[in-house]
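Chains: A, B, C, D and E, in written order; residue numbering restarts at 1 for each.
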Amino acid sequence: MSNRKRKKAFFSFILSVAGLLILLAIVAPAFAPKDPLATDFAHVLKGPSSKYPFGTDQVGRCIYSRILYGARVSLGMTFLLLMLIFTLGLAIGMVAGMSGGIIDTMIMRITDTVLSFPDTVFAIAIVGILGPGIRNTIFALSVVWWTKYARLTRVLVMGIKNSEYIHAAKMAGAGKLKLITHYIFPNILSSLIVQLALDIGGMMLAIAGLSFLGLGVQSPTPEWGNMLNEGRAYMQTAPWLLIYPGLAIFTVVAIFNVLGDTARDVLDPKHV
Amino acid sequence: MMDDNIILELKGVSKRFKDHEGKYFQAVNNVNIQLAKGECIGIVGESGCGKSTLARIVSHLTDLDEGRMIFNGKDVTGLQGELLRRYYKSVQMIFQDPIGTFSPRMKIGTYLMEPFRNFKIMDKGRAGKYAEELLGMVGLSKDYMRKYPNELSGGQLQRVVIARAMGLKPDIIICDECTSALDVSIQQQIIQLLLELKEKTNFSSIFITHDLALAESICDRIYVMYLGEIIEMFESQNIIRDAKHPYTKMLLDSVFSVKKFENQMRPTATKINGVEKVKGCVFSPRCPEACEICREKAPEVKVMHNGSKVLCHIC
Amino acid sequence: QGDKAASNQSGEPKVLNMALFWLDGNIEPTEGWNGWTLTRCGIGENLVQIDENLAFKPSIAESWEQIDDRTIIFHIRDGVKFHNGNRVDAEACKKSIERALEITDRDDVKFPVESITAEGQKLTIKTSKPYGTLLNVLADTVYIIVDSTAADDEGFKYKPIATGPFKVVEFTPDVGLTLHKHEEHWSGDIGVDIVNVKYIQDPSTRTMALQSGEIDLATQIGIRDLALFENNDDFAVQKGPNLRVFLLRLNMDKPYMKSLAFRQALSYGMDKETYAKELVKGIPAKGPFNDMLSFGYKGEDYYSYNPEKAKELLDKAGFIDTNGDGIREMDGKNIVLKYISRTNHGSDANNIGTAMQAQYKEIGIGLEVIQVENYADMAKSGDFDLLWERWTSAPTADPQYFLEASYKTGSVGNYGKYSNSELDAICTKLDNTFEKAQRDQLGIEGSEILMKDVASLFLYYQEGSVVTRKNVEGVYRYISEIYYIDPRVKIK
Amino acid sequence: MGRLLEVRDLTVKYNGEENAIENINMVLDHKEIIGIVGESGSGKTTFVRAIINLLSPNAEIVSGEIIFNGQNISKYNQEQWRNLRGNEITMIFQNPGAYINPIIKIGRQFVESIRNHRNLSKVDAAQKARETLEKMSLGDIDRIMNAYPFQLSGGMQQRVAIAMALAMEPKLIIADEPTSALDVVTQVQIINALMALRNHFHTSILLVTHNIGCAAYMADRIMVMNKGQVVECNDKSKLITNPQMEYTQKLLHAFPELKGLR
Amino acid sequence: MKYYLLKRIVQLMVVMLLATFLTFGLTYISPSDPAEMMLTSRDVIPTEELLEKTREEMGLKDPFILQYGNWLKRLLRGDLGYSYSKRESVAEVLPQRIFMTTRLALAALLILVVFSLGLGILSAIQKSKLADYIIRGFSFVGISIPSFWLGLILIYIFVVKNRWFRITDPYAHKSIILPAMTLAIPLIGRYVRQIRAAILEQYSQDYVVGARARGIREGEIIIHHILPNALLGIITLIGLSTAALLGGTVIVENIFTWPGLGSMALEAITYRDYPLLQAYVIFMVWIYVSINFIVDIMTQALDPRVVIRGGRIGE
């Protein structure tokens, strides 16, 4: 088996693992033994047991169930964010790249400015000012991140725009729309997807980080960063409050990071 | 040459590029070219002299700064939109790098059918049939319809490109070094193919190359370009006799020959002095025969008795 | 100048590192509760103080006599010196008390003065009307005796000149204080040379700092974390009930809160017994005062957990869920209560909120649990439904202060705009009651009124704790928790 | 003319796939020039890189011996190779600019190369570098020594590269398409410079080229490669006038010639 | 270069101006009322009339641009406003915070540079050997681990269990190590890979083959040829990493109760103390922008291709 084939096989494997994870998040209720919000005062801060596989938290909620539901929130937010910045970045980058001239310059000045902001700082400020919550978190993170995709799209479009095959397509009578849908889009898609795949892990960490600071998802909604924040006070006496959500973030981020890496190896023509 | 026989004419075409420092660079300078129906003209010159830019101007992939372009008696300078699309029905180009001409994610079949669908010449089914015919014409089986470009060799790809260009039955085909990325043996086949097709359909062509010998073998007339200017034009029957310009001579001297390998190359040991801006003749800094006037005054076109033109003070 | 404190004894100076869980931007005793920092760190002393068991004990005044309803004479101890070396006499005490009266922002501790006279070591305070809790009030940290001649100094609020066993060498906001022992303290030589006071807000950080040896003394350790020290020979744990009560103040300005049935339902709807036992390891509260206090209510609790009853009351009172989303409405709007606590109230406030959220959901009431920093602003502006409060409800061992400051109509601390003529009457009565037993009785009655009327949801009384490293001696757990170290502290 | 280099049964493959070149045998004498021609991908580069042991890491020499000056250099260790390269065997690449470090001045790189093989002081090494550059009829030597590679034109870079290759007066120069990146006029100049070298220093040259005309002009013998194998190898006059193999004939036929007389 | 410098400085100022605009704009559209905050901070119960009056006084009724202009004017004079929560002018609060955060960030940067360079180089030259796999494994963990979790784990191990470090004493030198590590580790993970890749990329460059062909010693190739080339990219990387570093301080300062700008920002957010938050954002942007400015200038200065742009010899 050649190196490339092996990589492809591994990519399919890790892709299915990630897919399984997403599926798991979607069907979390079927697996969760308990209501993630239900409190059980008879079992407060109890370690893992057969009733509560990962133990209970400070108000007697099932950590296992909360982690399962938390996957929903974390992954859901991440993918919403991904979609937002992807469509936004793609649309704007495409316009900038295709039109050129003054529109391009203007768009690029804006992205330059946003890019010259330290992103986390800016995101924190936005959530801080608009107030915590899922909506504002996603808003803030998309505000700071769309530029990356806009730029990438623009660079890719510009590269392709002057390529021989676009000239050839023009001479074959292709109109602007056709150029975009038939030639440019299919050819930049894989690079964009690779970049997205590489960024998923970082996005999850950013969302969890904001929640950890109390700026993102608010309690009682189960979210891993949020759970860690609440569990901090019991670090020594009930470590399972920290261990499981932390492991959950770590594992999922790791899986998506591997996915990103292999996606780059497999999909990105530059790395073939 | 009768005027109504002329299909394309470039009049005083110029093109400047701005480099990253904001300085201008004259890539094409006051070029006049005439192309008659069914004629093949060659444009030769060393790398960077502006051959491709010229080709791209003709194919409207680059705008020109000055000059006019007359196609079939109509001014086609600055053509846009629908008119441009119609122009492309008559003018097709074959690029240097065959693989670069293909979108990596488009099947050969789709690629071939594109123009016919775009120009609404035929529906999908007929376009498919026609594409297969075209493949046959360039000597490829219809199995290639379903392949991706990276599964074909350079020579095969160039055949596909030619097939597509021919399919539109254009009046002009521009070949920008369409064989120089290929191996000599393949090169030979492609040239052969082009000559055959020309026999059949009698299109006009502009053949761009840096290889004088190649140009000689297929073109009717040859334009020699140097630093954006056409410095000489002659019929290709007898290059060695007709070529007068020192630069053309230099080019001739640099052509290797297998058959006459014993011939010593004339060492044209001019210093490589680069391309500083000169007042006079553009070639004067490198010209072995340059004299005072060459450096002072730009030469004017001289028409020789046999119809060739040259831009030189001395000859 | 050389640190006398640090270098006088042979060998190493004796250093005590202690943690404070609360520290404001300055330590001017007349401002808010800043004086507590002075008493907790042994910097400031009052004429009289309340000892670890809630009894009065002489401090700067070595004795006092109640002359009549309105007059008390204090005998100032000889040889008391301020941190700057100035002598403390009756005149100095008079100036200090007058200064406090004039500038303090704590209206609840202002008393009606007719005259304060100072002769030598004799200080006579006369009130304009009978004032039963004068001693209690004077024991409040606002009346820490300071050198008022030095008080105009810009730096005074960071380095107050008082008389305690330790004096401030450096105050760093957000970080803490450095104290040196007061060489001339009236009690004689102090067993510690340097005290480093570190401001550590977060209970688990205090725990870790104790464990890592960075501090020797800490209070308010998380109940769960206490177990880490109890079975550990390196530490001594003192714990027991303190005077802290945790309650949820209701905002009477909100339309639904005006309904008694609604308030009762709120009380029926939450299982405070369980919260106290399971979530915070405290004692379920009946009224504002711990029943170990003589004025604490000792009878049956009102409206304890009974969700069925709560639903019934709400239904009857017309708070019905008409749109079937599980939340009752009033005037077509879902009733979602805003539950506010302050960030440094820690996780207990959140946990109980979370638990209540789950339980109120069952009776059809929404609850939004929020922890904020600008708690005070929100409290003042009435931007809450349930306000988490923690109080040392009787710092001076008397019921009047808390009832008056928190529930009397129009009083400053009455953020919920609670108003009840019966309670107001009790407050007035307390002004004129001197008999301890009678005052206690009034305190009990007041508590009962508050419970019956559901003025607040009284949650639980806290177990206080003091954890010290084994090398520290002479640290006592004050029930009032406004003293951590006093002249008795020693380092082995 | 004695024998300088002998290659026996050389086989190389990449990534453990099919052999890129197979069982190649070749003999090169002192002062001899062999032109290697063949279409793209026929293994020319692989072959010459194997001789100087500069194959890419994913390549593997399956079999074969290389005898240089009587030594079996295929058994050499890294340090021995290092001593050999740039000293006795040097290589000129197709795109000379890329093979010189872009952010280091020519002079420093030149001096460094010399000092890696000769125990000279920096000043002496610089002197030697100048002398060698002088022979390449390059204009202003001082400016070139102080220039970064990107400041030179392709032709100048190629000459500098040749100068660096010559400084040690190597016995063998391997030139892998040394002129195909240059325009036709410059190409002739470089080729003439290489020819002059052979005449002055008796250097042997292995010239890889696409251009069979170029090979015909320069080489003593021509070796034709196709699909990793040697198709034909003979004196150039014999090979051109009387090609034995069909493939060679095809190559020769495909080469465009000027019709007129010179 | 001069032109470039000037251009960059103008750019820097534009970015800073835009930063102030955005910062002000954000607080402008924020849901809270500064007049109300002002009043409550002074313990005044805000009544409607009073609010109106205060708004008038504070200029809150002016049009946005005017408000922004006034605010900017004050900002330029160094007047950053009054912090409601700290009851001090922001300019009083900032220096100490800046000091603490800078200290932390610099320590982290030092750790970051030393470790990622060391490990990255090691990993590249040991490619596909054990050391490489171990380093890559660790760097992968570093990338995937949430810093807030890592911080808690580090505290537990090194403060509670081992007592190697302290957490209550941010002024002690020893206590900077853990937070700096927490800040640096995820970035080290990222940069080890990138540096490794950068060096490996250089390894595959033709100039390395060229150097080998000239018989240069392997060590010399790494030190004189590969590192300087890779370094250019690495410096840019480090400039960009300051964004992550600065952003990360919020979490790390929160975990380690470090009295720097990050924890100040959190307080500012919870207190809705916008002047403080504005100061935070502007200061952070300023650091980030100026570091990248320096980095840019440095890479420009180090890369001769940029310094001596154009200027070909012979041209």
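We adopt the following convention: a residue touches a chain if its C-beta (ideal position, glycine included) is under 8 Å from a C-beta of that chain, and two chains touch if they have at least 3 such contacts.
As the structure is a prediction and not an experimental result, all values here were calculated from the model.
Asks: Quick check for you: compute each chain's CA centroid and the global CA centroid, then name the chain with the smallest gap between them.
Replies: Taking the mean of all protein C-alpha atoms as reference, the closest chain is E.
Asks: Which chain has its C-alpha centroid at the greatest distance from the C-alpha centroid of chain E?
Replies: Max centre-to-centre separation from chain E belongs to B.
Asks: Using the average of all C-alpha atoms in each chain as its centre, how far is it in Å between chain A and chain C?
Replies: From the centre of chain A to the centre of chain C is 47 Å.
Asks: Could you tell me the distance, in whole angstrom, between the mean C-alpha positions of chain A and chain E?
Replies: 22
Asks: Just give me the whole-number Å value for how far the CA centre of chain B lies from that of chain D.
Replies: Their C-alpha centroids are separated by 33 Å.
Asks: Counting only residues that touch at least 2 other chains, which ones in chain A make the list?
Replies: 214, 232, 235-236
Asks: Multi-chain contacts only, two chains or more: what residues does chain E have there?
Replies: 160, 270, 312, 314 - these are the residues of chain E that touch more than one other chain.
Asks: Two or more other chains touching the same residue: where does that happen in chain B?
Replies: Touching at least two other chains: 272, 274.
Asks: With touch defined as at the start, can you tell me which chain A residues reach chain E in the complex?
Replies: Result: residues 112-113, 116-131, 201, 205, 208-209, 212-215, 225, 228, 232, 235-236, 242, 246, 249-250, 253-254, 257-258 of chain A touch chain E.
Asks: Mind pulling up the chain D residues that touch chain E in the complex?
Replies: 52, 54, 78, 82-87, 90-91, 93, 95, 98-105, 112-113, 116-117, 139-140, 143-144, 147-148, 150-153, 156, 164-165
Asks: For the complex, which residues does chain E have touching chain D?
Replies: Against chain D, the touching part of chain E is residues 205-207, 209-218, 220, 224-225, 228-229, 232, 302-305, 308, 311-314.
Asks: Mind listing the chain B positions that touch chain A in their complex?
Replies: Those residues of chain B that touch chain A are 56, 59, 61, 85, 88-89, 91-93, 95, 97, 100-106, 114-115, 118-119, 161, 164.
Asks: Using the touch definition up top, name the residues of chain A that touch chain C in the complex.
Replies: Within the complex, chain A contacts chain C at residues 37-39, 41-42, 44-45, 58-60, 214, 218-220, 230, 232-238.
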